[in-house]
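Two complexes are shown next, each including subunit A; its partner changes from subunit B in the first to subunit C in the second.
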Partner chain A sequence: MIGFVLKRILGAVVTLFVIITLSFFMMRLAPGGPFSKDRNFPPEVLENIKKKYDLDKPLLVQYGLYIKRIVVDFDLGPSTRYSDRSVNELVGDGFMYSLKVGLGALIVALMLGLISGLLAALNHNKFLDYFPMSLSMVGISIPDFVLANLLVLILTQMFFLLPAAGVDSLAGYVIPCFTLGLIYASSIARLTRGGMLEILSQDFVRTAKAKGLSGSTILWKHSLKGGLLPVVSYLGPATAGMFTGGLVVEKICFIPGLGKLFIESAINRDYTLSMGCVIVYAVLILIFNLIVDLVYGLLDPRVAYE
Partner chain B sequence: MSKAAAQNDSLVQSTKSEKNHRSLWQDAVKRLSKNKAAVVSLVFMTVVVVSAVLGPILSSYPYELQDLDRINTPPVVMDVNALPDGIRTVIPEDYIQLGPIYWNTRHWLGTDELGRDLLVRILYGARVSLAVGFLAAIVSLIIGVLYGSIAGYVGGRLDNIMMRFVDTLYSLPFMFFVILLMAVAGRSFYLLFIAIGAVSWLTTARIVRGQVMSLKNSEFVEAARASGTSHLSIILTHLIPNTIGPIIVYFSLLVPRVMLEESFLSFIGLGVQAPMASWGSIVADAQSIYLFCPWQIVFPGLALTLTLFSLNFIGDGLRDALDPKLKGKQ
Partner chain C sequence: MQSPPDEFVFNNSAEPETLDPHRLSGSYDSNITNQIFEGLMSRGADWATVVPGQAETYSVSADGKTYTFRLRPQLKWSDGSPLTAKDFEYSFLRLMDPATASTYAYWFTDSVEGGQAFAKNPTTENRANVKVRAIDDRTLSITLSKPVPYFLQLVAETPAFPVKREVVEKFKDAWIRPENIVSNGPFRLAEWKVNDRIVMEKNPHYFAAQKVKLNRAVALPISDKQTAVNLFRQGRLDWSGPQGAPGSLVAAYRSDPQFRVHPAFITYFYRLNVTRPPLNDVRVRQALTLAINRQELVERVTRGGELATSVYVPPKVGDSKSVETLVGIDHKQNVARAKQLLAEAGFPNGKGFPAMELLYNSDETHKRVALAIQQMWKKELGVDIRLFNQEWKVYLQKQQMLDFSVSRAGWAGDYPDAATFLEIFLSDSGNNQTGWKNAEYDRLFAAANKQMNVKARNEMMAQAESILLREAPIIPLFFYTNFGFLRPEVLGFEPNLIDRPFLRYISKQGG
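Moving on, here comes the complex of A and B:
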């Protein structure tokens, strides 16, 4: 068990290293730099600025310094755009907003998805099966930015229920969380239904029925654990998707989160800030994948922790 | 082996019951035509494609023409003589009365912030969105099929290394790389579909590898090898054509996914650039004023959603038709 966890953590560290390296060289090898768009500096000033951000050194040395700074000091460096703030501060601020949106969306997705998926599986080929499944087809097809805009239009303009933008109060989180939550709830509902139908047709469920166990015992004690396995393994990619989806809802709902920071910094060629955002996203996704792997092993005894 | 046997069984049964012989493909077409959702979706997609091709040609307005006297004209209004509100322009002679409402006969779906005809832009955007969707899916298909068939055919250590590489790539959050790439390397149309295609070939490679591995020891491949056919031509002319069923199914589900990614990129401003339009960028253009001009978001959003909806139904229908054993499993 401990060996398995260590191996997974090692794998995650290697993946993180690959991500950092790839994005570092991708940004640096493209023409143009963080200061090419600004007004023309005198050459001496430009020289000094470049010195501050290590941009005057050869690329490989820059890379070495960057890695060293991350690993040794946990320091993502100074932002090339916001000269008075460090990337750690900027990312830290944005991260709190994005994390709240992400967690809210995850809760909405799990609750709605699991409930409607279970309802559909237990009422196979009846109205309660067809209705949520048709809805989930809509949820899978509708892009997040269309759904977010529609929710804003309906909830704020037609029913005057919520603030259209801003996260000053908790109500501001409702639209972003529901947008992302509804989209992933659709996939979770379909996976739950598929997994439960598969389990409910197994021999051991028939045996349980034959020996007279009640429906709820069969559901809770015998089938739920196995039936939810596809959902658990989907949660890894789903979290990654919810964070990328965060880019869109943060733009629509004017949330000063990580996604907004990331897109702006990528467009501005703010090397250090966009690298910082990528690293934070990658760490989040890798941690979630690790948790999912562990939970999967706990639920499914057939998976051995090698 | 069991799959081939099952297919044979179903073929034998169907030939017995129908008397005349039908191929696997005729069977598939028949199954598909019984699927109402898929047929309706096919009709809808045909309409979309035809109007995307013909619409901008037939229309009297080019997609980038700015009708500056008519900025933000709504498609329908309740009252043509209402006082101007500073955002919308309503020119009474453009409208005809239809019961309680007035309908804009000059710009059927209204205009956008720059006075461009929304209908023409949506039709033009359909061209871009569909083209990127299909081209990127084809790019990813070519990479995935070649990669997967080589890995599956050669097998052994090479297969191990190649598939380990795919596993590693699976764990990377690709959308972030695409965003970085589009942001730093300029936003060209070609880069857009190559970038999306290059990151979505992984599943194709896995599917094709599995198929090739199950086929490569069958008699017809052995016969081809015995008669001196080269490895390359065995892969290209014998193995890949036999995996065409699953490939078509996967392709049809890949197209809507790729279109979703393109619209996402265009929406955050990293896809196609003005004055070109795709459905994602039309929605993004309206982002600042859509609370006052909801039609600018509702129509392109509806076009995109309905198209993705029907492409998904077609994909599901094709899967049920070409691989009936999978029906209802996913």
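Moving on, here comes the complex of A and C:
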């Protein structure tokens, strides 16, 4: 097991390195730079600024300097746009907000998704199957910006139940967490239903029924573990997605999170800041995938840690 | 959830890049910096007028080259330490020092004696030769190499704001953070959380602190316009910000008494690349200019109360001049003239007109305008144009490299004078981006800037602009508007051309 984990971590490090390298060069290939603006800098000024950020050096040297800085100093550098701020600080602050929204969304997604998925599976082809499944179809099809705006319109403009935007209070988290959560809940519900239906039709379940075991014992003891496997493998990327995927929601709900920073840094060609966001996202996805792999082994005895 | 009567909460539309007066460039930055710093001269609530700021009085020498500013007695920084003419001397030199890398340093390096040499080569000797001198604690003298008729306007803007040497040198780039900053304006920076909020508090050391009515102001960087409107509707914002509503809804909001629309100091125009045939032919450029029905454009397409224009420089407060333009009042006549010009250029009814692209940065309004103009050119001239949109930075680069035929553009004035618009079409301007060069235009502009007589100067500026319009390297379309929701209990927030809130003049009923 420890060997497996070490091997996976090593693999993750290599993947991360590839991601950093590719993003670094792709970012530089994009036309325009951090200092091309609608008002041009005088040439002498531009030279000075470039010097400050090492942008006057050859690209490979810049790459070397960047790698050295992140590996040796754990320093993501100064932001090229927010000149008085370091990327470490910007990303750190933004991540705390995204984390809170992501956690809330995860709870919403799991509660709603699992409950409606189980209900549907246990009431196969009945109303309690059709109803949540049609709802989940709607949830999958509605884009987040539509859902967020709808919730804002109804809950904050028609009825003054919640703040229209901002996360000064806990109430401010309701709309962003629900918007993000509902979208993932829909997928979780469908996966739960599918997984459970498959398990419930297996021979060992029929045997258990024949033995006269109660419905709840069959569900909790014998079926749930296996039935939830598809959900677990989905949860890896989904959790990473919830922690990082609030781009639109963060804009609409005015949350100073990482998603907004990421989009804006890419548009502004803020090289250091967008690289910082890429690294955080990549690390998150790698970590969650690793966790999923480990949990998978716990749930499914057929999977061995090799 | 409404803010207390001594607090003003507003949307600043975006996160400032920096609040350093010498490094900033955007209006999001200067809208904050203007509250926490003040220059020798300052602004009236209408923005266009210059009023005494940290300087009590000033005098100008007969040749218009030497300005002597007399500071108010006992000026203080926000930490209570004395602010003297030495601080201003240091600040002007910091601005002009190429190491500071200021976008706006050229305002002063171009005109202050010794400025250019220092900007090119910042040696100790060149530094000592820059003619900005603190004569005593309360007297600052600035000597220019040529008269600048709008010099006081420049002195009232952010690049001329003072910064405290000890703080800047001690904290380097981080000096502007709330825990380090020392400033001299009516407010001081209390809190700055990126993408979240900027909180300002009244500065008790400001010389006119007793006249400042607000005790606190909060600026929120809300980029989503609808979100700003939603927050305003909930009473959480006192002002929904500059351009504080979705552009497409302005027409619908106009009847709301809390919504205001007023002229902006921004021109919307198209650039023509005069290095590319057939746009190298002035007749083609004129034909394209004449064939556009601007009134229809603002009434049917943009619908935000914009002012249709065939001239380039927006009208300012107290400004009167006559600029010749090709475009007459009667659209039918304009079109007939356009057809004739196009035929003379060898493209009767658009026959044989080469394929051309219209470049714009991806945006719904720009797209609608481009579509309308594409149709107008097709219908009136038989000219076919392909629309081509690009993401912001790509668009900027294409424009800079003259890699376009027609390109959408906008220009916002930095100070209330025609020069801020006309200077970008000088032959050597980096913002020209049309390939158009005209010696007579350059000459007139330079001559106007030597002219201290306001009327004669305006006349020359108008002549220069007439050349620009006749030569038509650009097609002016309309002047933008400023718009946003403002709570009725807010007093003293005069609509101004750049929609900058001047917190020192603002108060709230009951406050």
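Just so we're on the same page, the second predicted complex is superposed on the first by the 293 of 306 C-alpha atoms of A that agree within 3 Å, B and C clash if a C-alpha of one lies under 4 Å from a C-alpha of the other, contacts with A are read in each partner's own complex, and residues count from 1 in each chain.
Quick note on the criterion: a residue touches a chain if its C-beta (ideal position, glycine included) is under 8 Å from a C-beta of that chain, and two chains touch if they have at least 3 such contacts.
Keep in mind that this is a model prediction, so the values were computed, not measured.
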| item | value |
| --- | --- |
| Which superposed partner A:L150 touches (first subunit B, second subunit C, both, neither) | first |
| Contacts of A:A30 with subunit B and subunit C, given as first, second, both or neither | both |
| Touched partner set for A:R269, first subunit B, second subunit C, both or neither | both |
| Contacts of A:T192 with subunit B and subunit C, given as first, second, both or neither | neither |
| Subunit B versus subunit C as contact partner of A:S223, first or second or both or neither | neither |
| Partner chain(s) touched by A:S141 [first = subunit B, second = subunit C, both, neither] | first |
| Which superposed partner A:K52 touches (first subunit B, second subunit C, both, neither) | second |
| Which superposed partner A:L261 touches (first subunit B, second subunit C, both, neither) | second |
| First, second, both or neither for A:D84, with subunit B first and subunit C second | second |
| Intersection of subunit A interface sets (partners subunit B, subunit C) | 30, 32, 149, 152, 156-157, 164, 251-252, 267, 269 |
| Subunit B residues within the subunit A interface of the complex | 168, 171-173, 175-177, 179-181, 183-185, 256, 260, 263-264, 267-270, 280, 283-284, 287, 290-291, 294, 297-298, 301, 304-305, 308-309, 312-313, 328-330 |
| Touching residues (chain side subunit C, partner subunit A) in the complex | 1, 15, 17-20, 23, 25, 98-99, 101-103, 105-106, 119-120, 173-174, 176-177, 193-196, 220, 222-224, 226-227, 230-231, 233-234, 236, 391-394, 396-398, 400, 410, 430-431 |
| Residue ranges of subunit A touching subunit C (in the complex, touch as defined) | 30-33, 36-45, 48-49, 52, 78, 81-85, 90, 93-94, 149, 152, 156-157, 160, 163-166, 251-254, 256-257, 260-261, 267-269 |
| Subunit B-facing residues of subunit A, complex | 15, 18-19, 22-23, 26-27, 30, 32, 137-138, 140-146, 149-150, 152-153, 156-157, 164, 190, 194, 197-198, 240, 243-244, 247-248, 251-252, 262-263, 266-267, 269, 274, 278, 281-282, 285-286, 289 |
